[in-house]
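Both complexes shown next keep subunit A, but they swap its partner, so subunit B is in the first and subunit C is in the second.
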Partner chain A sequence: MIVIDKLCYQSKLRYENAGEKFAFAVLTLLICVVSRSIAVAGIVLAVTGTLTVAKGGVPVLRYLKFLTIPLAFLFLSTAAILFHISRTPMDLFAIPLGGWYLTTSMSSLHYAVQLILTALSAVSCLYFLSFTTPMTDILEVLRRLHCPKLLIELMLLIYRFIFVLLDTASAITTSQHCRLGNRDYKTALKSFGLLGSALMLRAVTRSNRLYTAMEARCYDDTIRVLSENHPPKKSVIAAIVLFDSALIALAIWSKYLI
Partner chain B sequence: MNTDVILKAQDLFFSYDDGASYALSGLSVDIHRGQKIALMGANGSGKSTFSLCCTGICKPQRGTLYFHGQPVAYDKKSLLALRSKVGIVFQDPDNQLFSASVYQEISFGILNLGVSEQQARDEVEAVIGALEITPFRDKPTHALSGGQKKLVSIADILVMHPEIIILDEPSAALDPKHTQMVNRIVAQMTEAGITVIMATHDVDYAYAWADEVILFHEGKVLLHGAPDVVFSDHDALHKTNLHPPTVLSLFERLCNKGVLSPDLPCPRDLDTLENYLTDAMHK
Partner chain C sequence: MSKSHFTRTEKRMIALSGALALAVGIAPIGQAMHIMEGYLPAAYCIGWGILCVPFLIAGLLSIQKTLRERRNLITLLAMSGAFIFVISSLKIPSVSGSCSHMTGTGLGAILFGPTAVSILGLIVLLFQALLLAHGGLTTLGANTFSMAIAGPFVSFGVYSLCKKCNVSKKVSVFLAAALGDLFTYCITAGQLALAHHADTTILGAFGKFLLVFAPTQLPLAIIEGLVTVLIVMGLESYAAPELRAIGYLREAE
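Now for the complex of A and B:
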């Protein structure tokens, strides 16, 4: 997650209008999930992958590595759909196990592939967004979409303090290691517990201090901040509309007309 | 001290634990407009608590704080008015920066003053330029170095154009380059007519920089006066865990040896002391 955060600040697409990127990612994701078409999913995977890697400048290997993270979960969950144990063999293949068969039908293979591709393409849409758009820009889009203020303020503070607490945690861990806090399994467990309680206390003091500092700057229960805008480009909007309409057309065609 | 009193504390008492112990115990002090004031004293002597009292964050249990001669009221509106005029730069920027974006972070204070969006944008841009934040303005705050975070936390306050800025150990944990940058910014604040109060442990810097030094001891003002007066008082310095400034020490020793005349005005920096010595050698 920290890697994604670093990469998105370096992305070449970072200064594109956040609304465009958000709309592209979310619309495309919706089309993928609703249509569940293998063709649509394949195209989306290719397009978002190319955009993130070629246009955004994320290293290919790193991107592929990130794609394999959900893959492991997907394979595990689709195994249950793919394999059946039954008394009668099915059409794709059947391995006899005593009086039973470990067997798969053509249709469940198709279903599994469809599921994996749909999920993967949906993830690639989200990756596109998170690899090119800093969190603060996404929050600005959410604010324009009239997402509840409280939620946005919470996300803003949580996002900032993930990093502060991570720093604190790593400093505490280092100091524990320096004092042989992980000498054996038992001490390591104990140290981890202590780390947890220390972090909790630090988080509480931090939040108090932060509140004090915000109060000192005339905080009156609403966080008002300005964001830097990068104006949307007509050509990009046109491209997004065109691409997503084409996807919808393809989805309808492959579902009803074939 | 012929300038007018901008902030006045009279007999302030403040306790964090309902009177079991007092962080401020009868503190009285006058802060004069446009002065450069160094707050000094041992850890726990009440410097930070006093700073928090100055913006109404800590409400003293006894005693009164006057801002421009008016007693400070603690209703929401008066507090906001006070805080728009008195700004604090906290010691640890990580306790102050709440947003991951530098631009958002700096815009927070000025927007709270209720100005128009365009004016706020102009002010933010101006302060980003003035404090040389431009090279890292697009970085997330968690990727900034300690010194860069410090600059942003100062910009946070400067953008609000307060009359008084309180800096809580601004150069703690900064490298010499960033310390110099901060010192330069502090000098610019004074030029802009801002009253600067700085809590610091750096006697040499305080001696060279300040117009007035306030020595805190156990929640009270032990000594308040011009730097050469305060730093010549060895008993007071000893009481507050401080050493005399190097330049002053050397000057005193040279006077004791008869190299320099004790009638000379106390030198504030190395250059002045060097000139004294050159003059003495030529005689």
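Now for the complex of A and C:
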């Protein structure tokens, strides 16, 4: 039901050590965001894209389609950065609107291109993590990083409940469709409200039943799950260190030496 | 720029803006107000993150206190988090035919209170980034501040204020959800303007971001308000005992 969740369980990189994948994705992401260099962004986009698609086995078209998800936000907000409305025209072009100009400067264009590339490469890092690592593995990494216990436990439970509630919601939606619950706008709104309240109602009853079940199985404030252990490989760690230090070097070089 | 160039660039501009409008029209507008991954410079990511910390600690402590008294509320709390996630991932009916989602934070604030929602919102935003590719890891701080802290606090404030002034329940729920949504939208525009104002003043950039997102966010706030009213009314008529369990009808006790 959640496509990314399904894909990451099928990924060929799923059984790599989760810590490695997490460290790679987060470090590369940080380098991208901190450096904001076009060269770094291009390389990261290519490398993480190839890793996710070729090594991880995510279908190319699917991957590209996912890359378009943030485009709406990207287009709108970059348009706001790129175009200025002012009384004086700037150097790239200017369209007169009455006494004002819709105008752009060369530096704004450069800024926008840099921003778009940085954002896309950052998204590709995020996708690398979410397309290869199931949520439970990420939670295991967070546990090792000493995230508060309560937070981890809540996340584990919420992750489980999301699927329970999505199931319920889709069943309710189907039956609303069958009963012409979306035949016009007013009915559709009303149906959505009913769906929301029915869902909440189900959620509360289910949560009570679940707590009873947990108590019956000796729940004592911690949920213990066996985690599969895939020891980190030295070669992979070396590759990650090499790649990220090369990226840092490139970022510093392109920022201060060109 | 010489005057003879105007017509040619003008034509290009029209083509470009047409393409842009088309792309924006086709692309799912979705939860356009999640700041995407990598869009904020590092300093702003850290700054907004730090700003969230006191609220999150307060939220965590309040949840811990509640759980110490009544341990069985943990599943209810988790279910509420999942509910916020699911309700914000469902398509809501919209007039324009584009698919839009509610933020669910106003509803959460009214039902569970703003402190609990800050923690639940943080988790929901993390899941949205990882599972739905809405938002991101580096922008988690900024998104948490606008959607899980600022919005819910305004919603809750408006709701409490309306209750004090004896405004009818429907109106107060509507106002709380819609104003919370609008406030989130303003905060996000402010966050973007603070980070990206290369050639203009911060205020100018703020205006531009507000303008650009207005067509999607203004109708959304109204729809969100309506839907929230419907959900709360439905809950009140069918689920009074359950509502009491989550503390929504606390004042009635």
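Rule of thumb we're sticking to: the second predicted complex is superposed on the first by the 254 of 258 C-alpha atoms of A that agree within 3 Å, B and C clash if a C-alpha of one lies under 4 Å from a C-alpha of the other, contacts with A are read in each partner's own complex, and residues count from 1 in each chain.
We take it that contacts are C-beta pairs under 8 Å (C-beta built on N, C-alpha and C of every residue); 3 or more make two chains touch, one makes a residue touch a chain.
Small disclaimer: the values here were computed from a predicted structure and weren't measured.
**Q** In the superposed arrangement, which partner chain does A:246 touch: subunit B (first), subunit C (second), both, or neither?
**A** After superposition on chain A, A:246 lies in contact with neither partner.
**Q** Check whether A:226 is in contact with subunit B, with subunit C, with both or with neither, and answer first, second, both or neither.
**A** Once the two structures are laid over each other on A, A:226 reaches subunit B alone.
**Q** With the two complexes superposed on chain A, say which partner A:210 touches: subunit B (first), subunit C (second), both, or neither.
**A** In the superposed model, A:210 contacts both subunit B and subunit C.
**Q** Tell me the contact category for A:147 with respect to subunit B and subunit C: first, second, both or neither.
**A** A:147: touches no partner chain.
**Q** Which touches a greater number of subunit A residues, subunit B or subunit C?
**A** Higher number of touched subunit A residues: C.
**Q** Identify the partner contact of A:5: answer first if only subunit B is touched, second if only subunit C is, both if each is, neither if none is.
**A** Touch status of A:5: both partners.
**Q** Now for A:89: first (subunit B), second (subunit C), both, or neither, which partner does it touch?
**A** second
**Q** Does subunit B (first) or subunit C (second) touch A:159, or do both, or does neither?
**A** both
**Q** Using the superposition on chain A described above, determine whether A:135 touches subunit B (first), subunit C (second), both, or neither.
**A** both
**Q** Between subunit B (first) and subunit C (second), which, if any, makes contact with A:97: first, second, both or neither?
**A** After superposition on chain A, A:97 lies in contact with neither partner.
**Q** Jot down the residues of subunit A that show up as touching in both complexes, subunit B in one and subunit C in the other.
**A** Comparing the two interfaces on subunit A, one with subunit B and one with subunit C, the shared residues are 5, 135, 157, 159-160, 164, 206, 210, 214-215.
**Q** In the complex formed with subunit B, which residues of subunit A make contact?
**A** 5-6, 9, 134-136, 156-157, 159-160, 163-164, 167, 206, 209-210, 212-220, 223-228
**Q** If we count contacts the way the header does, which residues on subunit B are in touch with subunit A in the complex?
**A** Touching subunit A: residues 52, 55, 57, 76, 80, 83-84, 87-88, 90, 92, 94-101, 103-105, 107-109, 111-113, 117, 120-121, 124, 138-143, 156-157, 160 of subunit B.
**Q** Can you check the complex and tell me which residues of subunit C touch subunit A?
**A** Going through subunit C, the ones touching subunit A are 1, 5-6, 9-10, 13, 20, 23-24, 27-30, 32-42, 45, 60, 63-64, 67, 71-72, 74-83, 85-87, 89-90, 92-93, 95, 107, 111, 119-120, 123-124, 126-127, 129-134, 136-138, 192, 196, 198-200, 204-205, 208-209, 211-213, 216, 223, 226-227, 229-235, 238-239, 242, 245-246.
**Q** Spell out the residues on subunit A that touch subunit C in their complex, using ranges where they run on.
**A** Touch list, subunit A to subunit C: 2, 4-5, 26, 29-30, 32-34, 36, 66, 68-77, 79-81, 83-86, 89-91, 93-96, 102, 105, 107-108, 111, 115, 118-123, 125-127, 129-130, 135, 138, 148, 150-151, 153-155, 157-162, 164-166, 169, 173, 182, 185, 188-201, 203-208, 210-211, 214-215, 221.
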